[in-house]
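What follows is a set of structures to go through.
In the two complexes below, chain A is the common chain; its partner is chain B in one and chain C in the other.
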Partner chain A sequence: MTRATLDFLWSVLPSLLIGFPGGRPGGLALTLILSLAAIGLGFVIALGVGPGRAAGPWPVRAACALYVEFFRGLPLLLLLFVVHVILGGRRLGLDLSPRASALIALTLYASAYQAEILRAGLAVVPDQLVESARLVGGRAWQIYLHVRLSYAVQVMLPAFAGQAITLFKDSAVLVALGVGELMTVTRSALGSDVRNAAYWLPTYLLVGGLYALVAFAISRLAGRLERRQRSGDLLYSLTNY
Partner chain B sequence: MITEALPLLARGLAMTLALTLVTSALALAWGLPIGLLRLSRVRWQNWIGTAYVETFRNVPALVLVIIGGFALPNAFPHAARRALFFDNSSVAWIGQITGLPVPYYAIAAVLGLSLNTSAYLAELFRAGVGAIAREHFEAARSLGATPGAVFWGLLLPQGLAAAYPAIATRLIHNMKNTALASFLTVPEFFKAIQTAIGESFRAVEFLIVAAGGYLLLAALMSSALSVAEGWLKGGRR
Partner chain C sequence: MKLRHRWFPLFNVVALAVLAACQPAAPGAGQSTYDKVMAAGVVRAGIRFDNPPLSYIDESGNWVGFDVDLANEIARRLGVRIEQVKVDETTRISFLQEGKIDLAVTSMNHTRKRDDAVDFSVTYFWDNQTFLVRQGEYDSLQDLFGKKVALNAGSSAIDAWKKYSAERGGPAPEIVEFTDKVAAVQALRDGAVEGYAEDGVTLLALAAGDPNLVLLPGSINRVQYGIGLPVNDSKWRDTINYTLQELWQDGTYRRIYDRWLGPDAAVTLPLGGEMEVWP
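Now for the complex of A and B:
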């Protein structure tokens, strides 16, 4: 690696991490913000859709199944354009910014996977656990919230973590809307200047390394959580979407 | 307007199917040996398996695709770049068979997607083998089975069977990931949709067609994979 390459990498690193100076947060920071927000919002949706698909009157079950299959069946890249052009287009009058479209698309995408994980978790709640909660006098909603749901979330923690990592990495396609996250910043930093051609490989290797570092850190953190929760490893292997 | 674009879309769909088949086959062919390396008790083998899995699983597929397609050729001076990646006899040969304008980009997309998926499959295969009952290994050993027999008779069928649902999910994810090849201008389904939109300015209509196409592909693939599961299970008995 030449001196010039190192200088270049060093000069773009701050932009890659937190975005271009003077602007809104961008780069890796924005990737993290968007992913975290999508995971949180997606979980709220999943709390309705997952149980809805597992147990509900048949129209609810069908609607939830449709929701999951739709948003899980599309490539995120396509979903991004569907949200930005159709939902955010002028026809519906929403006129979303690329950033808002990106957040909505990521949220819908995450929620479908999380709903499936939650459904799988609800399916393995031991009957004895629910029975004993009933015996000690739990009300229906208490049992649902504190026993079924909390058990399902705990046993599926590794799968949720795996999904979070996947979403974080999949968010790289947001560059197609030019949202200003890590991949967009990388593209702009390299620009169309022919003299930058030699920097492409080291820069993208650095960016790949940044993604891998964060993904690896999250999986380590999740591994530690999992050991504390001592949840089943077979379940993890079967539901690691 | 949609009928005008039909040939374009059909060619795109065929390209997406081809990409899916080739990347799935390559990912399975690489993923299983890597999964075995991860299981190995020999330290350097285990280390290679772990490095491979952690690298290609934790780097986003899009980054792999762009590194292969754009960044790697850009690392060479102009003349060498042309000779190595874009303008030589083997690339021309691939272009002749597939009819692709820039065959190297398709090669790079295939490599990036296969590397990414193979790392996931290796991990799933490892988990599947981990679910095999200990007694089966002991039985195999006490019968004096060779390592090759243990692999073909025990590890491969039972490990694959245990990991099958997760592997099927990952292969469908891989199919959706082939849309990333559009970043390298490979004329697969998503790129064809983009082209059609560019020519007609009918974005909403073509995006709906695209959604329908991918949902159909995902549904077809998932039923094909469950038929294949039935076969594999029937064959084992």
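Now for the complex of A and C:
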């Protein structure tokens, strides 16, 4: 790697991390903000859709199933265009900005996957656990919230973490709308001068490293969370006595 | 439930078909874009962000270049604020069709095929498309017949090269499409492709930055940039055409051109045409 390459990478690094100077947050910071918001909002939706698909009157089950299959079945890039150009176009009067479209598309995408994970989690809650809760006098909603749901989320933590990492990485397709996140900034920085073609490979390697670094951090964080919860888990301590 | 599952993929197909049927947004329904722009006091200009020296983002994050200056000047003449929207070769047309932008100042070649989907202003930039190759490997466009070449996805050069090659009895060309210009140049350097066709102005900049790359003489396609506009909206198209012609007549166009492509600029391209001015 030559001196000029290092100088170039060093000069674009701040933009890659937090966006161009004087502008709104961009780069990796925006990627993180959008991903975290989408995962959070997606989880809220999944809380309704996941259990809805597992139990409930058949119209609810069918609607939830349709929701999951539709948003899980569309490629993220296509979903992004559907949201930005068709749903968020002037036709329906919404007129969404690229950022808003990006957040909505990522949220819908994340929620469909999270709903499925939650449904799988709910399916493996041991009956004994629910019955014990009922024996000690738990009300239906208490049992649902504190036993079934909390158990489902705990056992499915690795799956949720995997989904979060996937979503974070997949957010790279937002470059198609020029949202200003890491991939867009990379393309702008490289595209600012045709002579930057020489730095193409090292720059994308650096950006790949940034993505991998964050993905690794999420994975470690999830691992730590899992271990901490396990130690406090009654079932776990009984079976691993 | 199990049985019903089988039908969900079908549902996706149906839903997408319905969405596709909505395309394109009812053109010219009601108001002209002119009225919308004037009422809002904002014109939304689609501009590319990785196309130096015509439009790019510099180190301090400013969006600059010939197309950018032109778009800014048009907005100023219309007396409205400009909102710059990032587009690329693949989104500039769909965004126009769906009203996400009011005009596209995107170094877009005026072709009949594109005219089916959007409308164009008068030509505001003249150039030629040719190939960039590695120094010393090829001497003429004929040498590239049947070779693997890189072209921009959605570029008018794709059809132009097929036609050029077919008319001169060349074999069917092998084309690799790139959405990222820098990636295409890298492929050329690495030997993954034998040539890369682009508008002359871009190739000049590329060749100036790398002694190992040269332009082939000749032209596979004339380049005539027009500003992309929503289809069937003559009031708005007139407004843009008149504005461009005024910029040409009072010398503002020439000042902007010389700033980016004149004798003192990093890339020099002699003005290749003359704008038609209606009396």
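As a convention for this text, the second predicted complex is superposed on the first by the 227 of 241 C-alpha atoms of A that agree within 3 Å, B and C clash if a C-alpha of one lies under 4 Å from a C-alpha of the other, contacts with A are read in each partner's own complex, and residues count from 1 in each chain.
Quick note on the criterion: contacts are C-beta pairs under 8 Å (C-beta built on N, C-alpha and C of every residue); 3 or more make two chains touch, one makes a residue touch a chain.
Source: prediction; values computed, not measured.
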Query raised in the report: Putting chain B and chain C on the same copy of chain A, do they fit or clash?
Result: clash
Query raised in the report: Which partner does A:212 contact after superposing on A: first (chain B), second (chain C), both, neither?
Result: first
Query raised in the report: Is A:82 contacted by the first partner chain B, the second partner chain C, both or neither?
Result: both
Query raised in the report: Between chain B (first) and chain C (second), which does A:130 come into contact with in this model arrangement: first, second, both, or neither?
Result: neither
Query raised in the report: Is A:169 touching the first partner chain B, the second partner chain C, both, or neither of them?
Result: first
Requested in this report: Name the contact category of A:91: first (chain B only), second (chain C only), both, or neither.
Outcome: both
Query - Touching partner for A:191 - first (chain B), second (chain C), both, neither - result: second
Report task. Kindly classify A:63 by the partners it touches after superposition: chain B alone (first), chain C alone (second), both, or neither? Result -> neither
Report task. Considering only touches as defined above, state whether A:73 meets chain B (first), chain C (second), both or neither. Result -> both
**Report entry** Which of chain B and chain C A:200 touches, first, second, both or neither
**Finding:** both
Query raised in the report: If both complexes are laid over each other on chain A, which piece of chain C (42-50, 78-86 or 186-194) hits chain B?
Result: 186-194
Report task. Across the two complexes, find the residues of chain A that touch chain B and also touch chain C. Result -> 69-70, 73-74, 81-82, 85-86, 89, 91, 176, 197-198, 200-201
Requested in this report: Show which residues of chain A lie in contact with chain C when the two form their complex.
Outcome: 11, 15, 19-23, 61-62, 65-66, 69-70, 73-74, 81-82, 84-86, 89-91, 98, 176-178, 180, 184, 187-198, 200-201
**Report entry** In the complex with chain B, residue positions of chain A that touch it
**Finding:** 69-70, 72-78, 81-82, 85-86, 89, 91, 165, 169-170, 172-173, 175-176, 183, 197-198, 200-201, 203-205, 207-209, 211-213, 215-216, 219, 233-234, 236-241
Requested in this report: Using the touch rule from the top, collect the residues of chain C that touch chain A in their complex.
Outcome: 1, 4-5, 8-9, 11-12, 15-16, 19, 22-23, 25-26, 49-52, 56-61, 85-88, 90-91, 94-95, 98-100, 180-183, 185-186, 189, 202, 205-206, 209-210
Query - In the complex with chain A, residue positions of chain B that touch it - result: 54-55, 57-64, 66-67, 70-72, 74-75, 124, 127-128, 130-131, 162-163, 165-166, 169, 173, 176-177, 179-180, 182-183, 190, 193, 203-204, 207-208, 210-211, 214-215, 218-219
